[in-house]
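Before anything else, here is the set of structures, which you'll find just below.
Next come two complexes built around chain A: one with chain B, the other with chain C.
And then the complex of A and B:
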């Protein structure tokens, strides 16, 4: 099994490296470059060439990519087009996004498990139909709509919570209540999605022979659910949550903008407009690493449950 | 700095959220009675002003001579560091670290006298050496040549401890205007590595800076006068609507340059002050004069007559702006208000088009971006309006980098924008003199060039005013610009804020006079 895990890690790391190479190539293919973007109107062609050289953009892409990659093991993520260290740009932004994403993921897991199980206790019942229907409706809501509605209702109208996140001297949100709205905006659509998965996985597992035996043995429904149905459904649920990690990080770009949350989403968005490859690659490497770890964990859960037979 | 091509990028984003919130904000257009801009009250000392300013987290910079596309960074820098001169209303250039200046008879050599008692935040006095070092450092950046045009590094020298001498390659009556925006002074010998730690001379001292956010505290020993606020906290916002929400929720006291849509959202709130700073942003339509379908001056004249300027201001700017007259530099005291205002005349427009043999069967592309709020909307409305004169225009929205790479300076018909309150002469030098690298319409007029050279080389005020009028007349008649209006700069402020700046463009950062009522 450790060998298996190692192989998985290597495979996913290689995948990440390919992804990073793609980042550099894609930015290169986009019209304009970081020198254009950081230049000012009125700069002559010679000024622009000098700027390009200062940023190292006069060198071929493979060379720039290699330089950046060789810095990676030492924790050097390069310099932004405006001369700031990428590690400085991300040093508080990345933990902030992880915190927000982590809270949203935990909330998603707790809520969707509860709702899914609750609905599964009486399949086809009124509660089941209500939960499943609401989940479908909610999962179709974009984060953006949820976020705007939350600000309006919970902040501007009622004044209960801060409308935006302000950053303190340490680079993190100035108070804890600023996390509530962004976390909710991320969680709501994901809960919709995961409740559906939990509910479906439980329904599948409920048809398994060992569950039928348990039911015929006269065990109470909640015991059947927790001891016989849920364990078998876990791999699917874990995979669903792992997929949500990616979507949570993607949704963070939108949610961070609306709530002014100081995370990587806003850094990434501006880096793309600026054609700032080191910054984009830095964000990709870090988020890619997180997603890789989460996917590995989901695989491990699956292997543990199924005894690695798949 | 004044000409940063990507500033205000964020303003184009998140329009959906904005529209939804605006719809919920009520339709009242009346302005809350505010005295944020002036008033005769006696300023109160004390308090912390929390300011939201626009900026993008990935684009932050600490370098006073770097490319500052973030308003938040520029705000922090201009409160901590001083420039030689600062923007003013009338005259448009006012003293700051340079207390006074004097040109030679030929207008090429300018001597700037450093303000008495000016010291850095570490207590050391500001000398001519520091200023020379800073200007040379600015000049050595890739934008140096465009920020200090005509002033070579070797022609920046010190004369004694308190005088700095700038020698221009050519006569330039408006040279001090060039030193208004990015001539931030840092101590002689500051290395690039220590740039973020360099002490400034400004009204506020840096307490901390983190990811675009900063806290600044009063400089008790500022040479420039009384500073009322104890501290200013600058908060970076990527999205103007988030900034407006923060203000409405009371999390900040001032939303700097938040824009017309936010102002409309907030219009029904009596406790929110709207500060309008006229002549803030020009969003002209550029018609290529060097070739293509708009090269005939009659065609350009026809388009200028086909546009409904009032409607543009009303719809594109939500009324937060003024009608313009195709002359750039509307905020300049030298701007000629005696030139008759062009108004819509569809009959004449059609006549001119047919005289010029303009092909009205074809559809012409108008390229635009969403770099700033209202820009793409202006293109769409323009297209609708000129259709009534028989000109078919199709609006093509381009992604920002594509636009600047492919369309800017090259296209036949496109929108541009200038977020400054620069002078008539400055705009002429940048956008219309034939030798300029950023002549957006490819306009070449010997008559204009001659008038320009004469205007910047004339010391006599009255004579110069005449020449500037002539310059504007030529521009009005023939240039490649269709300037339909000027957008106001709009700040929102909480009920206690007083003494806010009302100048357009970079004048918005002058918060040293701001104060809070108790």
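And then the complex of A and C:
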């Protein structure tokens, strides 16, 4: 078992390394660099060359590639087009985004498990059809559309929740109720997606022989569900939630700009204005690492349930 | 040799015509909305870039949905703002489905291609699509719409190949394809003449799913201001631009939000109607 876990850690780390190399190549190969895009009108070629030297862009590509790949494990995410350390730009924003994404992931897990199990207990019934139908409908909605609807109903018309996030002195949201609407906007589409996965995984597992035995033994349906069906369906459900992590982190970038939430989204909004590619490269590296960790956890759940055979 | 009973697009069309009424009813809203978005720019009553009201003016007779942040007619911009979203998304869906079909079919005959695509999908799983779009558009300042479409295609292909490859594998294992391969037919012939014609229904379903994903990505890129640039009319960009005035003229935000939302919903409904009915499996034992 430990050998298996080690092998998975190595495999996932290797995949992450490939992604980081791919990010560097993308930024490098596409036309235009950080010095070009921050250049001002009437700037001479000499000015441009000077700033390129300042940002280290005049060094040979292999050398910069080596710096990028070896800097990442030590927490060095490179330098923005304005010459700031990307790590410094993200040091207070990224934890806020992780908080928002973490809350949304927990909500997604709780809601999709509840709805999926609820629907599975009444197969083909009105409730099952309503849950499955709604889940399919909402999974395609862009987060910003959900956010606008939530703001209109829960904030502007009823006044129950704040429509914008105010930032406290420590750089995090000033009060907890400012997290509710951003988290909900992220959660709704992902609940749609994961409820379908839970529902399908339960249906698959319910056909296993040991479940039939439990039913024939006369156990009550909810006990069969929690003790006999759910454990076997867990690896699929965990893999679904792990896939949602990327969607949640990507969606967070969008939702944060709507609510003015002090996370990576606001850092990226100014990076968009400045066309600052090193910042987005740094953010991509960080999210890639987070998703790798979550995928490893999902691997671990699968190993625990299947006992390592597969 | 080939069991496909007909060929070409006529067959796909005739299959669609013979589809049950339920499928047509589910595909219809998407068709209507897509058509409306495509012809919208021609029926807009006002120009999209000249003010006709005060900024964030409430609806009046001449401007039934009021004005936006510069006093431009919201209704006209709404009618004009969907075409590029729909066209870009269609382009992405066509390119992704086409590439995935070929790669999936090749992967079914040449296993190393399949393995390579699998590994690529494992890597791209670590890159949220929204961040991938930002990465490409910010690294390619002159890229414009091409950059968004290119990024959406690259990010979508690996997942689509998994689906197409899954459907192509059993076909590649059938006697007639193996016989053709053993008979020395070239890869190109095997893929184009033997495998692809039998993937039609899978590819139609795949196209629907990729259109759904593309609408999400292209709209999100617009909202993040890396797609269409002002003063272009674009639903997602309208939401971003007018959100500051949502209390003064809610329609400037609500109308484009509803448009994007309805497009996503209707396209998704159509896609799930086109998908092969693997059945909503019932948990019958409980």
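The definition used in the following text is that the second predicted complex is superposed on the first by the 294 of 310 C-alpha atoms of A that agree within 3 Å, B and C clash if a C-alpha of one lies under 4 Å from a C-alpha of the other, contacts with A are read in each partner's own complex, and residues count from 1 in each chain.
Just so we're on the same page, a residue touches a chain if its C-beta (ideal position, glycine included) is under 8 Å from a C-beta of that chain, and two chains touch if they have at least 3 such contacts.
Quick caveat: nothing in here was measured; it's all calculated off a predicted structure.
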item	value
Clash-or-fit label for the pair chain B, chain C on chain A	clash
Touched partner set for A:267, first chain B, second chain C, both or neither	first
Chain B versus chain C as contact partner of A:22, first or second or both or neither	second
Contacts of A:215 with chain B and chain C, given as first, second, both or neither	second
First (chain B), second (chain C), both or neither touched by A:82	first
First, second, both or neither for A:250, with chain B first and chain C second	second
Which of chain B and chain C A:124 touches, first, second, both or neither	second
43-51, 115-123, 205-213 or 259-267: stretch of chain B that collides with chain C	259-267
Common interface positions of chain A, toward chain B and toward chain C	30-32, 36-37, 144, 148, 151-152, 156, 257-258, 268-269, 271, 273, 275-276
Parts of chain C lying in touch with chain A, wherever the complex brings them together	119, 122-132, 134-136, 138-143, 147, 212, 215-216, 219-220, 223-226, 236, 239-240, 243, 246-247, 250, 253-254, 257, 260-261, 264-265, 267-269, 272, 280-286
Residues on chain B engaged by chain A in the complex (per definition of touch)	1, 3-6, 9, 13-14, 16-17, 20-21, 24, 56-63, 66-67, 69, 142-143, 145-147, 149, 208, 210-213, 215, 235-239, 241-243, 245-246, 248-249, 251-252, 399-402, 404-406, 430, 436-438
Interface residues, chain A side, partner chain C - complex	15-16, 18-19, 22-23, 26-27, 30-32, 36-37, 120-121, 123-124, 132, 136-137, 139-145, 148-149, 151-152, 156, 200, 202-204, 206-207, 211-212, 215, 221, 224-225, 229, 243, 246-247, 249-251, 253-254, 257-258, 268-269, 271-273, 275-277, 280-281, 283-284, 287-288, 291-292, 295
Complex contacts: residues of chain A adjacent to chain B	30-32, 36-45, 47-48, 50-51, 54, 80, 82-84, 89, 92-93, 144, 147-148, 151-152, 155-156, 159, 162-164, 166-171, 257-260, 262, 266-271, 273-276, 279
